[in-house]
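This report concerns only the one structure given below.
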Amino acid sequence: MKGFSRVAALFSVLALVVFYGPGDALAKRPIKIGSFLATTGPASFLGDPELKTLKMYIEEINAKGGVDGHKLELVWYDTAGKAKAAKDIVKRLVKKDRVDVIVGGSTSGTTLAVIDIVERNKVPLISLAGSVKIIEPVKKWVFKTPHTDRMAAAKIFEDMKKRGIKKVALITGNGGFDKSGRAQCLALAPKYGIEIVADEQYSNSDTDMTAQLTKIRATDAQAILNFGFGKAPAIVMKNIKQLGIKLPVYQSHGVASKKFLELAGEAAEGVRLPAAALLVADILPDSDPQKKVLMDYKSKYEAKYGPVSTFGGHAYDGLMIAVEAIDRADSLDKAKIRDEIEKTKGFVGTGGIFNMSPTDHLGLDLSAFKMLEVKNGQWTLVN
Amino acid sequence: MDLLLQFLLTGLTTGSIYALVGLGFAIIYNASDVVNFAQGEFLMIGAMSAIFLHRLGLPLPLAIAAAVAISIAVGLLLEKLAIEPARNASVVSLIIITIGASIFFRGVALLIWGKEIYGLPHFSGEEPIRLLGATVLPQSIWVMAGTVVLVGAVKYFFDHTLAGKAMRACSHNKRAAALLGIDVKKIMLLSYGLSAGLGGLAGVLVAPITYMTYDAGVMLGLKGFCAAILGGMGSSMGAVAGGLVLGVIEALGTGFISSGYKDAISFFIILLILFFRPSGLFGKSGGERV
Amino acid sequence: MRRLSGFFGLAAVLAALPFLFPDNYYVTVVGTTAMIHVILAVALNLFMGYAGQISLGHAAFFGIGAYASAVLTTRYGLNPWLALGAGLVATYLVSLAISRPILRLKGHYLAMATLGFGIIVHIFLVQADTVTGGPDGLSGIPPMSLGPVVLDTDMEWYWTMGGLMLATILFSLNLSVSRMGRALFAIHGSEVAAQTMGIDTPKVKSQVFIISALITSLTGSLFAHQQSFVSPDSFGFFFSVELVTMVVLGGMGSTFGAVVGAVLLSFLPEFLTVFEDYEVMIYGAILMSIMIFLPSGLFVAVAGFASRRLAAGRERRRC
């Protein structure tokens, strides 16, 4: 029985370590805001500002006495952008941490992976990810704050139509954001009378896209549309310049950050993209209803962390919609909180003015997007 | 014709990046039979150090020199603190140590430099050079030239210096090398230092083109590993050839077949090559020692 | 009996945990994930630890099983068990087709070839989005039933995976003392020597590769139903590396080594999350330290130390 005692001892030690680890405290309970974000990995440019925003505003709300006398407590974990990790984390948030509401899911893949868990356990989820699939068809417990990729494609095609562009070359990455965006572009193009004459792809870790762009150069495209995020779009811009391609270039809201301008440098001149108003908060007219909220968020974030991106703004919108709903519900009952989130009307956020309904769990329309153009290394508004 | 020329040039540009990474694999493999999975992290450390030193106001050449020195120091520490204490471990255990090291380096880089993407200025501007209708960036010429110089230097080192010959002896048989009076410990240390320095320099050369993040070493390392294997493990010329072949296959696959499946195409071709040449393009297929 | 004492110990612990810690997150959720990892690591150990080969592409077989089940049940409404069977057939054909050419390769070249295979499969999962759903994956995979029981709750999956895990371990322990097991150890020692003893080494290697792939695919199918969702990032290169790490960390060649390695790497990240930004660094440091100080693997070293049987190398490898 020597072998038995050896193995058994090993497993029982392991079990002891494992199960008497971090325990649950049951004091007077604060409101638990759960979150699962891609704070590392390729999508960390989303998760990082989102987490910073959540931390900053929860601190601020608590300093003002919390919500209905309850303090807020943030319980968050890193998904590294992986769906399986997100699933385990959300189970943990729901079953172990027993959070009241979840604000998070930096990427569409991680959000889509957890929908059945929150639906089954009846926990409200406000996602910070882009894909239209998250809210279409409507799921009872799932909401989101960022504009959808379909809206981005529509905004871009609208602008192209105005400029008389009819033939477009598409170049996209191989991530979830890129591929979902690509699918929306391919589906929407015919509605705007636009023909996709090239449909090239790259891998997001690629270092050179001149081969794809050389193929595009050989077509009769009148404009190039790049749906992507991270460093790849900056490389695309540089490669376009290197090959001497003079066509107008459109990017998606995936590059709506100062970082893109810094990385692409001169090569970004003239590029157009749809983005939330946050990026151009300082040049908006004072009459704009969002101006105050935007400047407020921008100054607070920049005082603490540096340049804002629209992604952190989505987290602000998500958190505030949740907090206001809890406030209106006057209760920690999850069903009531969910009902109040769905009743969100006229909420002025960084992404636009939200008007949710039982059939629309986002509540934004195309007007929430601004079409921007890069001029002299700065964002400018296109009218 | 223009099209083909541009594809080839693109392939050689990315290929020379893979070749530079592959070269670092070859050196450590030559001395110790170990595939160092932290090789990509040496590039990241070199590039990130150079970027930050440059941002602190150091002129570019000085920043680069310091960054290479930092990479060498990291390589030496890795050998001294992790590889040497485990010298009796099997090759697989050593490989897992290098995987642990690569995760560790990424973790440290994350703490020091954060998750942002960084760029480094191009060494001699970004005005593309025209070659018969195709274009190439001056930085790519730097990378290609760097590859040529470094592979020459490595070849000279292994063939004509005492330390290089000693290193090769160690790779054949460590005990026999020790009996001949070779200080095996010192040679192992040297090989890690050399490989790390090479990796650091490679990182600095490619950073203006590829940009850099704390986790960019993984994919660069993976492609470099493919280059080294394709060429034949342990052959520095092979690693370079492997890198260039891989780059050209990728570009041609993108250009003529499908950009979405280009990586699948290149791996498929690697498999085919290995099927016909089980020891890579330039590897010697030695018999097994019983 | 003594040979299987570790097995019975593990089974007892497994049966006791849900009663000692009812509805505990670490038992039901992390525990089930850990058991899946154990099955995969034990299966990989047959190929790596027993036969002395290496595979950096096992995540692909896990993916083939999972996607066969996911695609066939969600898109074609096939019965989950039939889908699972189809996954096994697909895996059998693929592993059979690649085993002969790939297994001619040795060492790092074999690592490269299996890695390439794994990446090709992964790219297919990402790119063939009309079938696989692309990077967003496939959701809404129906639950499968085991006789009259519909496997749905975490607890039901705990027992199912637990059963499969014990069966896999038992299989692995028995294989090590079989004729095939001895042939594999001989190949591990020296392929040329094994051949001269009359072992058909290509055949035996190919057999163990296929067996290992089939177990992995089967687990993948169950995984798809357990998660009710699949996406390509569960089946990538990094997961293959993680599986290899589990096997080596616990101790190559030892079934319980693979068990310990898999359990450790499943629970470790759960506890490291409290370190936030330091998590990655600490994880790497732990991995390195274990291999530096216990190069033969955690379980092999600890078990060897505990029993103080210094000369029992061969016995240890098989327990």
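The chains carry the letters A, B and C, assigned in the order they are written, with residues numbered from 1 in each.
As a working rule, a residue touches a chain if its C-beta (ideal position, glycine included) is under 8 Å from a C-beta of that chain, and two chains touch if they have at least 3 such contacts.
Every value quoted in this text rests on a predicted model; they were computed, and no experiment measured them.
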item: Of A-C and A-B, pair with higher C-beta contact tally; value: A-C
item: Most distant chain from subunit C by Cα centroid; value: A
item: Centroid distance [mean C-alpha coordinates] between subunit C and subunit B, Å; value: 31
item: Centroid distance [mean C-alpha coordinates] between subunit C and subunit A, Å; value: 34
item: Interface hub residues of subunit A, defined as touching at least two other chains; value: 40, 174
item: Subunit B residues counted as touching two or more neighbouring chains; value: 110, 260, 263
item: Junction residues of subunit C - those touching two or more other chains; value: 127, 279-280
item: Subunit B - residues contacting subunit C, complex; value: 29, 35, 82, 85-86, 88-90, 92-94, 96-97, 99-108, 110-111, 222, 225-226, 229-230, 233, 260-261, 263-264, 267-268, 270-271, 274-275, 278-280, 288, 290
item: Contacting residues of subunit A [partner subunit B, same complex]; value: 39-42, 44-45, 48, 174, 200-203, 205, 207-208, 210-212, 214-215, 218, 230-231, 234-235, 238, 241-244, 259, 262-263, 265-266
item: Complex contacts: residues of subunit A adjacent to subunit C; value: 1-12, 14-15, 18-19, 21-22, 40, 77-78, 81-84, 87-88, 91-92, 95-96, 108-109, 112-113, 115-116, 131, 133, 174-176, 179-180, 183
item: Contact footprint of subunit A on subunit C as seen in their complex; value: 2-3, 5-6, 8-10, 12-13, 17, 20-21, 23-30, 33, 126-127, 129, 134-137, 139-140, 154, 227-229, 231, 233-234, 256, 260, 263, 267, 271, 273-274, 276, 279-280, 299, 302-303, 306-307, 319
item: Interface residues, subunit B side, partner subunit A - complex; value: 3, 6-7, 9-11, 13-14, 17, 110, 114-117, 119, 126, 128, 135-137, 206, 209-211, 213, 215-216, 219, 250-251, 254-255, 259-260, 262-263
